[in-house]
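Alright, structures below, take your time with them.
Each of the next two complexes has chain A plus one more chain, namely chain B in the first and chain C in the second.
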Partner chain A sequence: MEFLGLVNYALFTAIFIAIYALLALGLNIQWGFAGLFNAGIAGFFAVGAYTSAVLTTPADDGRLGGFDLHFVLGWIGAMLAAALVAWPIGKICLRFRSDYLAIASIGVAEIIRLVIKSEEVVTNGARGISGIPRPAGDIGYTESQIAYLVIVLAVLIAAYVLVERQFNAPWGRMMRAIRDNEDAAKAMGKDVEFRRLEAFIFGAALMGLGGALFAHFNRSITPEAIDPMVATFLVWIMLILGGSGNNRGAILGAAVVWIIWSVSEIATDRLPHEYAIQAKYIRLFLIGLMLQLVLRFRPEGLLPEPLRGDLRGSRRTTKSGADHNQARSTGPEIDL
Partner chain B sequence: MKTKFLALAAGLMAATALASVPAQADVKIGLLGGISGPIAAMAPAMIDAAQLAVQQVNEQGGIGDGEKLVSVLGDSACNPQNGTDAATKAVNIEGVSGIVGPHCSGAVLAAAGSVTIPAGIVMITPSGTSPEITGLDDKGTVFRTVPSDDYQGRALARTLKEQGYGKVAVAYLNNDYGTGLANAFKAEYVDALSGEITQFAAHEEGKASYRSNLAELAKGGADTLVIFDYGDGTGLTILRQALENGFFEKFVGGDGMKSDAVINELGAENLATFVASSPVGEKSDSLDMFNEAFKGVGGDPDAIFATTSYDAAFLMALALEKAGGKKEGVAAAMVEVSNGEGEAIRPGEWKKAKELIAAGTAIDYKGAAGDHNFDANGDVPGTYALWEVGSNGYELVMEMK
Partner chain C sequence: MDLFELLNFYVIPGIVLGSIYALGAVGITLIFAILRYAHLAHGDLATFGAFVALACVTAMGVPPLAALPIAILVTAAIAVGIDKVFYEHLRERPKIVTVMASLGIALMLRSVVQVVWGVDTQTYSRGIVRPEDYFGLRIRDRELYTVAALIVLVGGLQLFLTRSKWGKAMRAMSDNPNLALLSGIDNRKVVMLTWVIAGGLCAASGFFLGYNTEIKSMMGWHMLLPMFAAAILGGVGRVEGAVLGGLIVGIAEELSVLVIPSEYKAAMAFAILLFMLLVRPTGLLKGKVL
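Now for the complex of A and B:
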């Protein structure tokens, strides 16, 4: 294990965490702010990844495009496309509540995956798109990873600052009001349907951006990447573990979960070969167990949603997570 | 709770740090496979076959001056996220000199694009069949021991035409394997040979009934159904339901359909009109040698992609030996050890290969899955044969060109 190798691995891990943090931030807008249970992250991730791929690759006869545009345009396009796809979906599906919305959004993500896999004229079907340009990709291995990390971090910080501002602005307060008590918010004259749609679209745009960053990093995107396990449920675990309703929690959760997911494999690699294959499955079990433990012992996550006003006082007097009603009023809760 | 997580993470890291004191002289290769995920049922046999090659190398003198060849297992889970993660760890944490795998094309493309090509590590995949891999800008570092789907589809089309098949309908599984084969078949059969395909339809896997698909496929009057699917999965269901309902008279399959499950489930007597192609062409000594060795360690030689996995690992070892255990020369050495010229080396003949390399003689690996002989893109043309079902399982009909 050389030092340079460790640096390269750390860089790679940091890039992945940043990409997942973007997805978790997007989900935080939908679930943490607005209480929308979107289980179709993979769908918006895929729309963003493919849009950027089509926009930035050189022309190809077999499919739509490519248009050979600058990667920045590709990323903006990815956000717009994901938002555009989210609009009609939100318009229809957001009338559902909690679990019903979750089921509908899983279905939507699956539809998107199958369309991408089947529509060869647009996406090159099951073969996927390769040869996607990576910004600063032509320099050495370590250098190009550093360069990409800088770019991804810049995007993540920009997204974080903007989302955090929104969260503390009147808009964020209104979203939480709608989440916690829809009827009261309606009585105050808030347009609940429209605001929920707004949150859904903003979140989807961030997920699309995350997908685009992922596709450019790997220089390719295939339907295999639209795997609900790694593109939807892993993100959910990150947000729940980090603390839904808290943007820093979303980023921290992405880091903790990805590090456990990735580093645990290095540990299991040390087992003798006859166990090595079985040991790989332990990782899946570990992630599931972690989710169970968090939900049981710390439902508000590592960094809970910051509380304001009177709630701050009342929270101290009640044991966290013990009182159902209390949990309802201080943060979103999982109804599974 | 937070402290518990920190403790858990710290524990894992400590375990890693404690355990990672490799002997200096070892030469490492990464074995990346889809151990979890959609091909979890296929992966263990493939990994075992590759491990067999590593074991044989070590039993017969190891690499260079008796250095041990050590394999490091990674889970690419058949998706790009885990594929790149596993490749990064193999290259940077383990310091491997070459990578055998990953198993799925999407993971191959991503791991090559973001890890092995920039890092200059040679990768050889035993089962990434996507034609996209051919076109990778890889500086000669990406190889495969399995032919691109393009080749097999075209070879099958030519053979069917030769055998006098007329109108056919094509049913293919909607993934990179099925789509790739079906499109190549269509391009050759219709465009190059002016044959007629009456229906050309994808299907999704795992449904209980494909009767409506079959009814649709039967429209247009084709008497032959070409199935690109897996014979131990959806392909079996389709074949059974087509036979039961008499939708077609003749059936043709790709290598995925050449599975013993088809014979065991449907019975040889019902499969008189079924033929399947497969890349394992000529009945060679190489294949027998591998089969015997693999049975010896408790493996099933008929497992899909077992031969290509073995060949990939053995070729990687030969290239490493030729390059003196250094990762820098592996790409060039890989082409030299399998280019059709030189003394033939067969599976398991590590000692002989080692002596020849030491003497500076050119060698040519003739593998269990075929002769390989890489072209400029690191692809192998593959040798194919058409098989029919006889009383003792699959029997050779003819070689395919």
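Now for the complex of A and C:
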């Protein structure tokens, strides 16, 4: 019994790591490849989760749908919906420096939260949507967990292979060129805005897929299922610690951070009740501090971005070429 | 609906809310223009200031308004400290790294507030305050104090920026950092002054939000979007623009409940932000676009 419990816990953790790894991969396309700051990861996650939930649940009188579709269609729908939300935001904000995107993406996440809470017709309000079918969900508990882990891993590997392929393809090189020296890329005739929009939308689609995987794993989705700020922040620290610009780093970071995060939860759960609530916030403080320490002492992360040839010494801080203040500071730079 | 009803229930609360946003937006616009990044921890710094004032009120029993100067000083010192410990060493790196660090600082500040003061809703003083009647306009004293504080603090800041040597140095750094550095302006002092001003105004903003409504650990985070909308609406780098922007966003939020469901009041700031970025990114008063 004890052993089975451990196995189940390990399976649960592994599924969560795989889902977060997918989110970190999505963020890596946006930040690691293109240098776009998305602070609304939880928003795209939620869009994906709810879209798939509406598409795949059996019909319900109280709300829109459900359409009782196959889960694969639900997941594709989740990616499309997240991409569709990302498109107008990217269209408006990507003309400017990434600071504007950061603010706007916080806003998007906030609006999505409001919509989910108040549009009962679509999302069933605070009660959320339950009865989301899980692929291979009607066999025994442990078997079904194993089956779902296999499915999630397959999705993750497929996403990894595709993203890694893009990273090494001309498209990936072009994205990094735009990220590192916008002016030069423009001078070479690259459509900077459009390429950034591409990266933003692809990344958002992966985040939507992550949300869908989460909803089907949980079999239900409610507005309180995830804390937006915590989820967004966890994905950020996963990518930065793992190594932005490196897909393996993103996955490694997801594993390391999620394990630290859940071990600390086990530790704080053992505290007496009056300290337990405070301990939750101390964990948040420490995760914030961890980001500061990584940014300061190991900005390239555990697995730095792979660079071909001797590029490392010649990189300059011209990530945003238009800003003279930045162009002025020279010297070896991290791979952001 | 007659005119007085419109003024009493929508415009006056809008002006008060707008003044609160404006206090925060001035700090955001200064940081955006002088240090050149979006400071995402601004809302949570305001929360921190509000709770410092609450600590003064509960520990020393002083009236809330007397706690305001203490909160301003403490928060200004904290802001300078955060810059020294967490932001200073990122200065030579791409600015977006500092934006990311500030998101982490937002989380850290909020969790400090939640650990020290808990997550329950609190108030500076109990009991209902009845509004006074001024020729049909119903205004509470605290609403007058809020607007008065905005006028005094921002008026003082404008005098400082236009008349004093260091104020001019700050404006020079905002206009052309290279030229300013060449002419011998001490960058470190300008940065520190910017944080003192932004931190102090932040505390005032958080304090007045708590004074007019309630004090919650999430209140600052929810103010972040309206404050940024105000700063961009007014034009980045323009202090008077931030005040104008804050008032417009505040009034627009309060008036929005007349046409859209009240749950979406918070979406108003976001709509204004996107609209301005779309049609006039320099803002109403011709600010910068970074």
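Please note the rule applied: the second predicted complex is superposed on the first by the 294 of 336 C-alpha atoms of A that agree within 3 Å, B and C clash if a C-alpha of one lies under 4 Å from a C-alpha of the other, contacts with A are read in each partner's own complex, and residues count from 1 in each chain.
By definition in this document, a residue touches a chain if its C-beta (ideal position, glycine included) is under 8 Å from a C-beta of that chain, and two chains touch if they have at least 3 such contacts.
Small disclaimer: the values here were computed from a predicted structure and weren't measured.
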Scan A:W171 for contacts with chain B and chain C and give back first, second, both or neither.
neither
On the A-aligned overlay, A:L114 touches which partner chain: chain B = first, chain C = second, or both, or neither?
both
Of the partners chain B and chain C, which touch A:S220 in the superposed model: first, second, both, neither?
first
Just checking: does A:F16 make contact with chain B only, chain C only, both, or neither of them? Give me first, second, both or neither.
first
Just checking: does A:G5 make contact with chain B only, chain C only, both, or neither of them? Give me first, second, both or neither.
first
Just checking: does A:G140 make contact with chain B only, chain C only, both, or neither of them? Give me first, second, both or neither.
first
When the two structures are overlaid on chain A, which partner does A:Y281 contact: first (chain B), second (chain C), both, or neither?
both
Taking the contacts chain A makes with chain B in one complex and with chain C in the other, which residues are shared?
114, 117-118, 229, 277, 281, 284
Residues of chain A defined as touching chain C within the complex:
35, 37, 39, 89, 92-93, 95-100, 102-104, 106-108, 110-111, 114, 117-118, 229, 233, 236, 240, 277-278, 281-282, 284-285, 287-289, 291-292, 295-296, 299, 317, 319-320, 323-326, 328-329, 331, 333-334, 336
Seen from chain A, its contact residues with chain B in the complex are 1-2, 4-6, 8-9, 12-13, 16, 114, 117-118, 120, 125-128, 130-132, 134, 137, 140-141, 144-145, 214, 217-225, 227, 229-231, 256, 259-260, 262-267, 269-270, 273, 276-277, 280-281, 283-284, 290, 293-294, 297-298, 302
Can you list the residues on chain B that touch chain A in the complex?
1-2, 5, 8-9, 12-13, 15-16, 19-20, 22, 35-37, 43-44, 47, 51, 71-75, 77-82, 84-86, 88-89, 91-95, 104-107, 109-110, 113-115, 118-120, 130-132, 135-137, 174-176, 178-180, 202, 204
Which residues, counting only chain C, touch chain A once they are in their complex?
32, 36-38, 40, 86, 89-90, 92-97, 99-101, 103-105, 107-108, 110-112, 114-115, 119, 177-178, 221-222, 224-225, 228, 232, 261, 263-264, 266-267, 269-270, 273-274, 277-278, 281, 289-290
